[in-house]
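All chains are identified by letter, namely A, B, C and D, in their written order; residue positions are counted from 1 within each chain.
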């Protein structure tokens, strides 16, 4: 009797921990299985490709978001930054693809710098610091192109938006590549480890002599650049630059992906694979709802329910205080 | 900055140079007795010395709103109106209410309002009424008493637009096929009306056309694209797409092509608005037809106001006739599209 | 005699650790019961089980003979058990008074908090404990010692049947300690049971009636304290044999003050900051251990923080090995070879979510990595070295530091500093909350490091430690240096009279 | 308890024994005390500036605006601003408490809209139902948030993000995908209340005044308020101090839901119908207002009055932009974004932390 009690409790703990770390993978698997079995025309290459292509920009944004959240921050401005990048792209494509891309990325970096300085130096709370750019950024983007939606005619860019390598679209390759890169950055580099430490206990990190400000600024800059990349990807796919709608509500999708992926908003932890999976989960949910032609109302409710379930499955069951 | 297309392809839509609006229902007519200065009880006014307020509903971030606001500004300038106040509610109803109240407070003597929603502007309109300030609502009718809460309504009939689109769709598919609808944003009257007009017409007159999907694309191009991609993957055999605005249609075209479909041949696309980019696609034969929804309300609004102050009676509804772009006229008219 | 609170066969497991197994503990009314054991023995865990913070995996709790289950701390408090947890657990942003009465504020007829009455009672309560602070200011503006006293006040203010104190004196001055013992005595005379955890053995012998010794989560001895001589107690705790223990003195410092020579490693002059420091100067030579003497709030921590660049100063210069160092910047100070062990381990020290390995490597990361890539090999080398040298007790280098016992956390922090191989060590309460075994080790280590030529600044609330540890002592009061003792002058009496002499 | 006897403790403290408080330590302790109070006075001053930062900025903006535009400093305009701010203010009040507790409630925007639609829906059974129905449903949503955050220990951000979607979905269900807008009869009590005014100020404004007064009292003068502050500052500490953390947390989100619902119902009555497209992005406005008002998003500190200032500031900016009268919509958002930065930066410098 007394023998069994502990074992069972330990087992339960183990299960809980497994769920906590793999809940999102499980959820993705389940949803995938469901669709493969019950949704018409789901198990087709073209369809699966579509899902990957659509999720690519979300993943790219979510990677930056994961790092920012790792520092116990959040970046609400990513959507607007995407729009700014998208707006600048056609304005400079005239000088060639490189010029256009460089300018767009530079703009992303600049936006990130603004956020980073507000958060790291002026020490404004991330939500509000980045809220400003969320509000103003899109306006700026629209001003840049005075409200016009410009068609993209640059073949290299269009090619990038549609071409495939080894049967997989370039944009998907890009997203995968960036995921690996960010993964290594966080796990293997000095910067990455400092980032996590700062997110966990800022004052201790400062006293340990870590360059807190620099790390924070770099993180937000990276988030900005990644958002810009996503903006370019989305533009290339759309074959047009539409700053008024590109990246709308991406901040929420990205945050959801990160959190559903098991990165706590309290910082001190960055899970890249989880984030990617989180993004995939959201994508699958949306796809499922559209393919079964559910009305918007039901769609939103179901989405809400699944998010809560996914997060609940992997909640931290702390023993209590301390 | 050097734009890729220095010739600003599709860039000049904003100008008021394009096609004037044409009134379909003439003065009086079905719209009852009409409204006169006395009936409304507004003070006499000379526009040249007047402060006019224009309350725009959505960001000037899509061709329609840009053209609409621009044509108001241009016409005001043309007539030498003393001051034109312009506000924009950024799609927030509460803001449109305060916008109107603010303009009244700044001494606006007549108001032109592009309502964000058919309901919910009561406090603002009451404030205007209390000060006997005439209010013209444009492009969207509000649920209130004309010549009382507001002066009159100028604009298109969205249900009618949907109906026209349906007829074109029927023609394109000669009465047979599977159609997907790209809805506008949920809860928006325009969405509701354009859907109603289309669906009713199809059900009434084209029993063999089946509506297989209705998903929202939020009036945005990228959403139109991603939703379309999902729909094609799920139902590769659709033959028609009805987009409730041009932007979603343009997004859909991209999706169709990347899925290896030939718009205009495998799939027929019909949409509403008449933006230059869309009309160009009609010329290229990718879109079958575009029902115009003309945003250039400047001239008509100020003409109506001038008439009103000149003592003419204004009908409650001044419905403008919506032009139709098909391969027959598109090439000729694309220049006047916005 | 019937026990008020009793734990039977208590067991508690954490991932990778058995913190408690089969622990029996009975608290009788009117007794002061000592709970002792090495760092990580399970004292705090037992307390948390007793007070409803953790749920035991096995065993039962009896309250006045009746089985009880505390789902959360609130239940335990409702049952008349009030607790002072190991790390100060109060709300720093709230005022002192509100902290004291949080959850049981005096209320007016309208049911609203009676602020005036509350402040008055708070001031009285603290005054009776010798703390004369403005009770309306935020708690965080008080020194850690003072905060500890507030926690004590809060615990005794609630009329309780059992009062649990987990290392309450670890950050207290002799003066406060004495006050605390007064309180304990009063509680005992009122028939209240007190569970008392401390690593300061002399304290135990002064106030405790019975003792329970924990080792590795098991009870190795229970009984009247008087019948257990000090050495046996230590032996029981450490699980070593008597003579081995006998060889070690009360502190490991060799009294012989090494004649420090050579150019000063640290020269701090005229450090000043409004209301906190006013013109503190300090010189440390290689191999010299300089103690900072002072009472609570004298500004010792501030001095250390100023030198370490952790606190901006209005005036004053810091020179390390002849080179001036930019003040107010920790990285600058570290680059110059100055490192500090912060006073508040929980808030300013550990990074709880990270592993032991990462916490140790944290400050040295740049030196452990090539081209920004962390070299796992170098990291492990350093970590292994210090884990063994400091006898850090963890389930492995991958255990989260947040899960370590207080003492082991402290050792990890020391390791982090040493990994930078610094020129000057600033140690603010280095042995706080460390068991005598570890304490001796740490003290020995400090001597060792000094012998290796490091300069050391030592802050300790234990006069004995300061005196035996330091070659010279700088005495502070109200942020001013009031005396400096050298070599032979360094005695407790000298220190105390220096403290007493009024500076003007 | 008896004060420490002068010699007793000193004697027993250690063999040598520290100086007895009576003589030598006396000055030392006194020293500490004087230092302490000195610090306090400075801190008080700083505290006042910090807390009134929002007030100062508001005053400044109003001053500039009144000088710049002659139609700004008019009673009519003041009335407008007051009534227009009131609905956001009610939402922001709930948000303030949630944020002080270290949480956040993103669902308020949708809940606000849902409240309005339900009010219009309930109107068929009279004004009372038109208030109770939204309160019931929105309260339930708030409760759900609270339980998931308080007892389930889920991240508030994500939980309320989910309910943001859910509430919007629910709204679409009861309005047939948003195609139905129910009108509220102008003669009904609720509408007359929402649109009517006393002493020149609209009823909603008075409701705001009352609610905020209550809010301030609850926060500063009740045990609930104190525990909210404690939870926000350190959840663990609050737990160890024996506060009913989970229950309090739940209560907060419930309150936030109720307030958002109430605001929605009032706004609907004010605008005469349950419009489906309102409330989008309202949560961000509320958060901005709260933070501009000087409340820490990290929790543990905040003021009710500050939030009111924050709300007014946001509205005044909008008003000023309209006063300029010719700004394009995109420029408008650029301006408000830039303004947000300026305000929070000023705030940040006013409320500088003394410590590192």
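Please note the rule applied: contacts are C-beta pairs under 8 Å (C-beta built on N, C-alpha and C of every residue); 3 or more make two chains touch, one makes a residue touch a chain.
Note that the coordinates shown come from a computational prediction; the quantities given were computed from them, not determined experimentally.
Participant: Under the touch criterion given at the top, what is the topological distance in steps from chain A to chain B?
Facilitator: Minimum step count, chain A to chain B: 1.
Participant: Looking at CA centres, what chain is most distant from chain B?
Facilitator: Chain C.
Participant: Between C-D and B-D, flag the pair that has more C-beta pairs in contact.
Facilitator: More C-beta contacts join the chains of C-D.
Participant: So, what's the distance in Å between the C-alpha centres of chain D and chain B?
Facilitator: About 39 Å, centre to centre.
Participant: In whole angstrom, how far does the Cα centroid of chain B sit from the Cα centroid of chain C?
Facilitator: Spacing between the chain centres: roughly 72 Å.
Participant: Round to the nearest whole Å and give the separation of the Cα centres of chain A and chain D.
Facilitator: 29
Participant: What residues in chain B touch two or more of the other chains?
Facilitator: 59-61, 186
Participant: Find every residue in chain C that makes contact with two or more other chains and list them.
Facilitator: Chain C, residues with two or more chain partners: 53, 72-73, 85, 89, 310.
Participant: Where in chain A do residues touch two or more of the other chains?
Facilitator: 142, 147, 203, 206-207, 295-297, 320-322
Participant: Which chain pairs here would you call touching?
Facilitator: Going through each pair of chains, those in contact are A-B, A-C, A-D, B-D, C-D.
Participant: Using the touch definition from the top, list the residues of chain C that touch chain A in their complex.
Facilitator: My answer: residues 11, 13-15, 44, 48, 53-55, 57-58, 72-73, 85, 87, 89, 308, 310, 330-331, 333-334, 339-340, 342, 347-354, 358, 361-363, 365-366, 369, 372-374, 402, 416, 420.
Participant: Okay, in this complex, where on chain C does chain D touch?
Facilitator: Contact set of chain C toward chain D: 53, 72-74, 76-78, 83, 85, 89-94, 98, 102-103, 105, 107, 111-113, 115, 125, 127-130, 132-134, 136-138, 141, 154, 156, 173-175, 177-179, 181-183, 186, 206, 274-276, 295-298, 305, 310-312, 463-464, 477-479, 492-493, 496-497, 499-503.
Participant: For the complex, which residues does chain A have touching chain D?
Facilitator: 74, 118, 122-125, 127-129, 131-140, 142-143, 147, 203, 206-207, 252, 255-256, 259-260, 264-266, 295-301, 303-305, 307-308, 311-312, 315-318, 320-322
Participant: Which bits of chain D are touching chain A when the two form their complex?
Facilitator: Chain D residues touching chain A: 104, 148, 152-155, 157-159, 161-166, 168-173, 177, 236-237, 239-240, 284, 287-288, 291-292, 296-298, 328-338, 340-341, 344-345, 348-349, 353, 356.
Participant: Provide the residue numbers of chain A that touch chain C in the complex, in ascending order.
Facilitator: On the chain A side, the touching residues are 2, 5-6, 9-10, 13, 17, 188-191, 193-194, 196-197, 200-201, 203-211, 268-269, 319-322.
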